[in-house]
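Think of it as A, B, C and D in the order they're written, each chain with its own count starting at 1.
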Amino acid sequence: MGGLNMDNKTEQESYKLVSREYQRQDTQIAIKENIIDSNQFHVIAGPCAVESKEQILETAWAVKEAGATFLRGGAFKPRSSPYSFQGLGEEGLKYLAEAREETGLPVVTEVMDVRDVELVAFYADIIQVGARNMQNFFLLKEISQLGKPVILKRGQCATLKEWLMAAEYLLYGGNPNVILCERGIRTFENYTRNTLDLSAVPALKDLTHLPVFVDPSHGTGKRELVAPMAKAAMAAGADGLIIEVHPNPEKACSDGRQSLNPKDFALLMQDLRRLAQVMAREMVQKE
Amino acid sequence: MGGLNMDNKTEQESYKLVSREYQRQDTQIAIKENIIDSNQFHVIAGPCAVESKEQILETAWAVKEAGATFLRGGAFKPRSSPYSFQGLGEEGLKYLAEAREETGLPVVTEVMDVRDVELVAFYADIIQVGARNMQNFFLLKEISQLGKPVILKRGQCATLKEWLMAAEYLLYGGNPNVILCERGIRTFENYTRNTLDLSAVPALKDLTHLPVFVDPSHGTGKRELVAPMAKAAMAAGADGLIIEVHPNPEKACSDGRQSLNPKDFALLMQDLRRLAQVMAREMVQKE
Amino acid sequence: MGGLNMDNKTEQESYKLVSREYQRQDTQIAIKENIIDSNQFHVIAGPCAVESKEQILETAWAVKEAGATFLRGGAFKPRSSPYSFQGLGEEGLKYLAEAREETGLPVVTEVMDVRDVELVAFYADIIQVGARNMQNFFLLKEISQLGKPVILKRGQCATLKEWLMAAEYLLYGGNPNVILCERGIRTFENYTRNTLDLSAVPALKDLTHLPVFVDPSHGTGKRELVAPMAKAAMAAGADGLIIEVHPNPEKACSDGRQSLNPKDFALLMQDLRRLAQVMAREMVQKE
Amino acid sequence: MGGLNMDNKTEQESYKLVSREYQRQDTQIAIKENIIDSNQFHVIAGPCAVESKEQILETAWAVKEAGATFLRGGAFKPRSSPYSFQGLGEEGLKYLAEAREETGLPVVTEVMDVRDVELVAFYADIIQVGARNMQNFFLLKEISQLGKPVILKRGQCATLKEWLMAAEYLLYGGNPNVILCERGIRTFENYTRNTLDLSAVPALKDLTHLPVFVDPSHGTGKRELVAPMAKAAMAAGADGLIIEVHPNPEKACSDGRQSLNPKDFALLMQDLRRLAQVMAREMVQKE
């Protein structure tokens, strides 16, 4: 697979390689001993931003013990205002790699700048494309050259069709290892940070063969809503979750309001394991 | 409870009686032998519109057998265009009462016109206020005079706060038996008819003591998304569901596209019963 | 005209009588010596709510002197919260009639309850249907029985098509004297109270023969944005405006934040008269 | 000006240098003999995409004759689908430069990739940052290093505050020559491609000293709505417009549906000149 034999490259506003018609069986993505598909259920956990070596190591051990199979953390964090914390950069990537070395958890981290694609790919096991870059087509083209798995977050005001066309850029460029991640859309409702569109999960399962994850942390922006929405995501048929966990959410450099502490994360993981049995999903526990 | 001892009636833009601060314990609503609260889980099922005596009876028996505990059906159906089917009116109410007589299922039906409140209340066990009337304050005031349980659907572009203020009209007028029902909000995404905002469920559980139901049929507008979103609603903590079931969805006078047939509904009910065990919810099966 | 010879009453989701195809020439509505059409430009002004005889009289004289041709004021004001000011009711209607008696300005006021339609029609020269009632089909049917002109505001999340179908209810019921009024839609942007969709004006001019007004007061919710958006509405091709004016906005019972004082309103009217010359619009000044 | 003396760089979620409090007088941007400010009114016109030397030259002469003072055209056009026309790249930039050479019109063109910033800056008189890149902070940082004027389009679901924070990145990095351009936001209404938020114009005039332009072509997506919304934008207080003009809209490689032909553009320019007199705006006509 991979966009080699396209026969209608000029077709406007469409996708092909990502569609369920093009490939009936679910895409399987192997990352070390983990298989991302519709049998296993994976939880990616960690802080929004890597803040220090101690913080990322402490979090890594905690989420591993609770049952997470991947570690997440942001090294590049340019945010809405130029006066906000902008991330540790390559230093952050190195801390992530150390945490992987120690805990064995593969690492998920975001790339935002085309010039950093090689650098991030060197350290990451899964490259994340954030919501703001879902239609950064130059970045998608660059990433599509790598075989490395990509998690493509939905843009804040992207339709399902636009999202699938963005994924098409990755497959068309040669990279079939794409995971979609619903993370909330912008609506008039401002009680929550975004409106988590869980109906996107079964809709995407009809439209595409790609795995679908959900990020209830960004999707709600409120810690107390993360656990119920994580369970709802699994019940809706999601293949995995991305959850923000911070050893001390009140002191987080960014997004503390939506981060779980390790204890609440561990309780959620217990609930998810019980739910997984009903949903016929396997949740691997690392040793 | 019930709006008798209000001390700040002049306060602008607020709610009081519906809030969790005002009443910590969950509201319990007894309808015949059914208790709507946070222990039991109830499914209200039936067609969008009552079309004939045969149609409503057939549906009533089918949904009862599958495990629904309430029958729904619309008698007054004025819709977006004056040229669409407008409902059977009082004749439809009589058919619903006959179906209740035969099956024992209590009946849920909508009132839209203040002049019909007494008539609908005579036939219905639960009065439904639809999304378009959530802020029809004259209708709310009229219904608040009755003790009869009310299911108040969320307006298509209502914030949680506006919804709670609308519920406040009912409690303030003297009717504490109010059930809230999330049914999707209007957003830019048009793959689904509405965007089902499941995060409203745990959010409302924090904000109010009233029971919270979910309508995945209107919330998605697509039959194939109803079952996954029904399960997700239960996992998110909902107290019940409203689901459109029609003996022959392709021939329905309205909303056939989002109705389940009796067989698919029965399969969904099986899944819900298994999920209920994990969620510590009781689902009563009528004999 | 008037819905007498409909040949496809069963057609779903459509409108006919309001369409430009059905009637090419613009609808003209005569109210006393005023003609609402695409030649004249009318400004309806007054407070959100009638608060007292003095308040409405003072406002009526002030807006007349500035050049308004209609007086507006709300008598029934049930609002989001039951604890907010709910209006003076029939007393308010009487004060409006007195103000008309004294100033000669015809009166625009809202009806919300089907049971009040006759009462409001007795006092009003133009009946207003508010945004929340745009799809209150029983109210529309009742009003359609009267020949009295109606101003139909756009629902907060109504598409142009839904709005036109709501207007169709009025024409189909026999009332051709319908004015549409854009008043802002609900979007993610919360700097303004609503997002005034001025593109609706030229779009409606293509789709329908009905006059189109704009309400920049509700449309923005901010006094300082009213004048620029009023001018923009005229430049976009609107046939008139509804503007909130209060003798003392800081003390208004409702919506003071978006009301102009008489002095600023008079300045705006001067600007509009100059703009009207460029736009080939006639603005009648009453003596 | 330019971010040199920031005293609270750590402040979260805020802007400073772009605010009206920080600088009361309007920013003036000089580009050759043109001054962009609140006295003059400038129209930037041209095709969505540069398609050939002939096409851009023909358009340049036509829009100049009609009174446009800047020529626009896209050289890099990666779009929603990888199967759509992706632009001519540097060749397109050269054609733009030739058109400037011949007509004297300064050139506006978009940069999307950080690696192209120097290249685009070499050819362009004004660099455009498109809606999808409004929060591409690495691109903003790169552009902020140049003194070259920038036109920063509003993101499709960006609030005014987020937009101003994005502009703050440019000023903070040292580039004060920033023009904001409203181009429509994404809402539930799909009759238009986007909902043009003209209230953003007077709102921004209160909040910031930067010039504000409007793009009614992308803002509506429909040719027939461009002229009324262009006039409305001027009446709302905009400092200029960006309008898509194509010699043969039906054959355009992209966005033909929203492009004016040269004749309709010339008629619009006449209307704008008459309106400019009422709005006390100067429209310079090049020889």
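Definition applied: a contact is a pair of C-beta atoms (placed from the backbone, for glycine too) under 8 Å apart; a residue touches a chain by one contact, two chains touch by 3 or more.
This is a predicted model, so every value here is computed, not measured.
Between A-D and C-D, more contacting C-beta pairs join the chains of C-D. Note: the chain lying farthest from chain D is B, by mean C-alpha position. Distance between chain B and chain D, defined via averaged C-alpha coordinates, is recorded as 49 Å. Computed centre separation for the pair chain C/chain D is 35 angstrom, with centres defined by C-alpha atoms. Contacts with at least two other chains are made by residues 157, 186-188, 190 of chain B. Across the complex, chain A is touched by residues 6, 8-16, 78-84, 112-115, 132-133, 135-138, 141, 156-157, 162, 165-166, 168-169, 172-173, 186 of chain D. Note for the complex: chain B touches chain A at residues 157, 159-161, 185, 187-192, 195-199, 201-203, 206, 219-220, 222, 224-225, 228-229, 231-237, 274-275, 277-278. Every residue of chain A that touches chain C in the complex is listed here, in rising order: 157, 186-188, 190.
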